[in-house]
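Chains here go by letter, A, B and C, matching the order in which they are written, and residues are numbered from 1 within each.
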Amino acid sequence: MTMPASSQPDDFRHFLHQALRSGSFMTGLIITLLIAAMAALSFIWTPYDVTNLVVANRMQGLSAAHPFGTDHLGRDILSMIMVGSRNSIAVAIVAVGIGMGIGVPLGCWAAARGGWLDEVLMRFNDVVFAFPALLSAIMITAIFGPGAVNAIIAIGIFNVPVFARVARAGALALWPREFILAARAAGKGKALITIEHILPNIASILLVQGTIQFALGILAEAGLSYLGLGAQPPMPSWGRMLFDAQTRMMIAPNQAIFPGLAIVITVLGLNLLGDGLRDILDPRLRRER
Amino acid sequence: MGSFKSILGATAILLATSTAVFAARTDLVLGLVLEPPHLDPTAGAAAAIDEVVYANVFEGLTRIGPNGEVEPALAESWEVSDDGKTYTFKLHDGVKFHDGSSFDAEDVKFSLDRARAADSTNAQKVLFEAIENVEVVDPQTVKVTLSRPQGAFLYNMGWGDAVIVAPESADGNKEKPIGTGPFKFQNWAKGSSITIVKNPDYWGEPVALEKAEFRIIPDAAAAIPAMLSGDVQAFPNMPAGDALPQIQADPRFEVVIGATEGETILSTNNKKEPFDNLKVRQAIAHALDRDAIIAGASEGGYGVPIGSHFSPANEAYVDLTDTYPHDVEKAKELMKEAGLENGFKATIKLPPPSYARQGGEIIASQLREIGIELEIIPVEWAQWLEQVFTNKDYDLSIVSHTEPNDIEIYSRPDYYFNYQNPEFNKVIEELDTTTDQAKRNELYKQAQTILAKDAVNGFLFELPKIGVWDAKLEGMWENSPVQANDLTAVKWTE
Amino acid sequence: MTAYLFKRLAIALATLIVASVVVFAVLEVLPGDPARIMLGMNASPEALESLREQMGMNQPLITRYLNWISGMAIGDFGRSYTYSSPVIELIAERITVSLPLAIMSLLLSTIIAIPVGIFAASRRGKLADTISMGAAQVGVAVPNFWFALLLIYIFAVALRLVPAGGFPGWGDWWQALKALILPAVALALPQAAILARVTRSAMLDVLGEDYIRTAHAKGMPRHIVLWRHALRNAMIPVLTVLGLQFAFLLAGTIIIENVFYLPGLGRLVFQAITQRDLIVVEGVVMLLVASVVAVNLIVDLLYAVVDPRLRAR
């Protein structure tokens, strides 16, 4: 876990060199960028308007006009997948943001203070971990009502202990190191040391974890939407498209296959990106390659 | 898909040839969408309770027949006094409850008094509200005195909520129902199935089936394969969705598109601005395209359009669908007259059934054309009951009112539509005291017309009843005048 | 060792108590009146009030919490609002579906994943490694409910080999097993993918250790080194992940049981949440939390057995 801060130009060049050689990193990066581009494009153009239902066009198969067919209410599935990507990405980004924003300070704090505070915070983490995440997410959306915002909160809460644990472990490994001891000897406070030295040095493991949680967030959002607890119509979401499609699996499998593929490809891209990043940033694994 | 069809065909032939070898079957697995919360029809409104026990396990003084007619049940005959206030029921002889205890007039008195008692948990207490006194004349005779003449009294006594239970077993009926019917309760595997078996000591015509299992299959995704594979042989109210044409094309199955008593409506909060404005409600009525809603939101597109709150299957029905025909321009004009040419925002709360969730999306899209932006809020039944039905905290909602003949709900002072019209209430009051059928039909017509003109709610369609069963089954109900799966006449033909 | 044991036990117990307070507090704020749900749309206010009284819903919050928690300690989970039967009976009934399902999928994922992980590790960097780990990457990315839909379409609808959903009960165990096969596969796939990756990296870690190099150097046959020495030591992280996955599988059944309409714990709790059957939700959630805590405890204790350094702490 000993990475020099990556702000130095030499390291960046080294990183680029490694990155270009890593197949999984490049594949993941390209997929992720393509999905992001699709989401961006959907703001200005989609083949059809997904909020305007033309029931007469319902249940169409694949055609030049509708490459992925239409759904049970006559909407173009390709357009829905494009717009739906916005929802998946937004939910996952904010959920990871919540997890990092709360979890990282908590983890660093616990590592810096140690003692009973560390114990209490980590026990609290255990309690959160003891709740099956999906079950709790269902309970949260049941209380506050289904919707994208509540899905974000539900997923975000369960990212908090993950980041707290990763940050704490990373920070704990750093505190006994010489350059930290030197900083302490120079009279710097724990908070300042955490900001100046700890955070830059755990940034890369947080980035890797963030990518993984991002992918998990997309899967979790799809699961909640599939149960009808995520984003609500008229906003399309991949998970709800699957829910709507499942009763028509026999007669219109296209309605289920394409949104599912969208989820798989996005999550796959992010996981490859995360794995690639770890390989590049983690010197222990680099040695093994 | 081609090979799939040929597999289907081959299996059909196989089944057709192999079953002929055996004697007629006496067992039946029947699909149910909703699991009943418990099995006591006198202590819950859930239709699923009646769908299992009505006419099969429990019987009342009267019963409702397959076409909505009142038939004698535990009462073999009755007399009505000239003032319409006293009913004297003559009970069947030799009737026994499933636990062996015998049935007599005391049980009738017990059941009716229990249902109308102050601490009663009967969900339809209003059915018994006119009863003043129940008197045991002799073990085979009961005299019921009403406080006022009530045209629907005999019909009311045929509801599942009015079945006769025994004092010894009444408290245990939720878990282990004990009635007088031709089937006895056997087992309930919670979350999966309920089994009833033939009652060998039944007082009336014995049933042909030895055993019937009600299997709980809540969704089209599971119902369709279960039916196609033969796991389930009858699905009286099948969520077939868009797979219906495929099932209809299969010769193994009898598909009956019947009617329910479910008026599916766009419930409107008539006191809330701007829905308190008749012009806005009329504009909404003009903006709704029933054909598109029916195609996209009713099972197989088989919903029957309605123009008021009344079942087209009823003889008193009048077609009022043209009161406010689909006309977006007219709707926009009305919005302008109401001073809302720039539109407004509102919410629509949708309960779980697909007619509501899908219908809501279509209606939101249709109302957007006249400037009404609807925010869709899906709710579970629990929240719907609390927010919409009880607290009237809503703008619009979609729900199917499945109680039979329930147009009188519009006269209830505190009903969730928040609708009040003295003219309508007068018609309902008159109905309540009228027993002459022709006169009653006339009054029903007046009531329907008032509601349609007032555009109280968006009247969408009558929920279809898609009954699917094995073509060799006989005696299934085609319509559902009450929510029941009466198996007393069901048998296999070979 | 005893001190360590007691500390772990105390922590597990504290976790359970905190969890019970959270569960109870959270569920009490759920909107929806259970009495109204039980009696339906047209129920009269008097009927509602008398039912609320019967269910003890008019008592103060603290009293209800204490009643609930003390009841649970002696195995009385209360009575379901919707089914009006004891919650413990419902759970006992449903667990006969969920537990076999979780075990089946755990077995399935182990049988697939561990050989694949070992194989990939032994062929590190070769084509076989790339292909199997690529497949694992895809497996991790597949949502299990979508995979379930595809399985239903292929094996239940098109080929008609197994039922598409529902559960016939254990009366006919062959039919029952057939009904659980697809859900078990759907649950197992993403787990197998994770497990295969963990196995591979654990094996790689071990294969890099000195004693393995020594064994190789001594001329010990490759497969004996692999299976006898390396695997045994690589099992520790693998078992940890397996323990975590078991708890995850129990919860993962929520979605899968909904896809296949299996009357298991997951469906029970999902239905109970939507029907505001709080007492059932509370019971099932506590059971799941307790099983996670128990598995963690067992894993902790196993660590202590394996690694003496931990005992000293």
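Here, contacts are C-beta pairs under 8 Å (C-beta built on N, C-alpha and C of every residue); 3 or more make two chains touch, one makes a residue touch a chain.
A quick note: this is a predicted structure, and the numbers were derived from the prediction, not measured.
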Going by CA means, which chain is nearest the middle of everything shown? C
Set A-B beside A-C; more C-beta pairs touch across A-C
Need the CA-centroid distance for the pair subunit B / subunit C, whole Å please. 39
Taking each chain's mean CA coordinate, subunit A and subunit B are separated, in whole Å, by 46
CA centroids of subunit A and subunit C: separation to the nearest Å works out as 23
Among the residues of subunit A, which ones contact at least 2 other chains? 142, 246, 249-250
Subunit B: which residues touch two or more other chains? 219, 221, 224-225, 352, 380, 383
Multi-chain touching residues of subunit C, meaning two or more other chains, are 31, 152, 157, 259, 274
Please output the residues of subunit C touching subunit B within their complex, sorted ascending. 31-34, 36-44, 46-47, 50-51, 82-85, 90, 93-94, 152, 156-158, 160, 163-167, 169, 259-261, 263-264, 267-268, 271, 274-276
Give every residue of subunit B touching subunit A within the complex, in rising order. 219-221, 224-225, 239, 241-243, 246, 292-293, 295-296, 352, 358, 360-362, 364-365, 368, 376-380, 383
Subunit B partner contacts - residues on subunit A that touch it in the complex: 51-53, 55-56, 58-59, 72-74, 142, 145-146, 228, 232-234, 246-252
Seen from subunit A, its contact residues with subunit C in the complex are 24, 123, 126-127, 129-135, 138-139, 142-143, 215, 219, 222-223, 226-227, 239, 242, 245-246, 249-250, 253, 256-257, 260, 263-268, 271-272, 275, 288
Subunit C to subunit A touching residues, read off their complex: 11, 14-15, 18-19, 22, 26-27, 29-31, 137-138, 140-143, 145-146, 149-150, 152-153, 157, 204, 208, 247-248, 250-252, 254-255, 258-259, 269-270, 273-274, 281, 285, 288-289, 292-293, 296
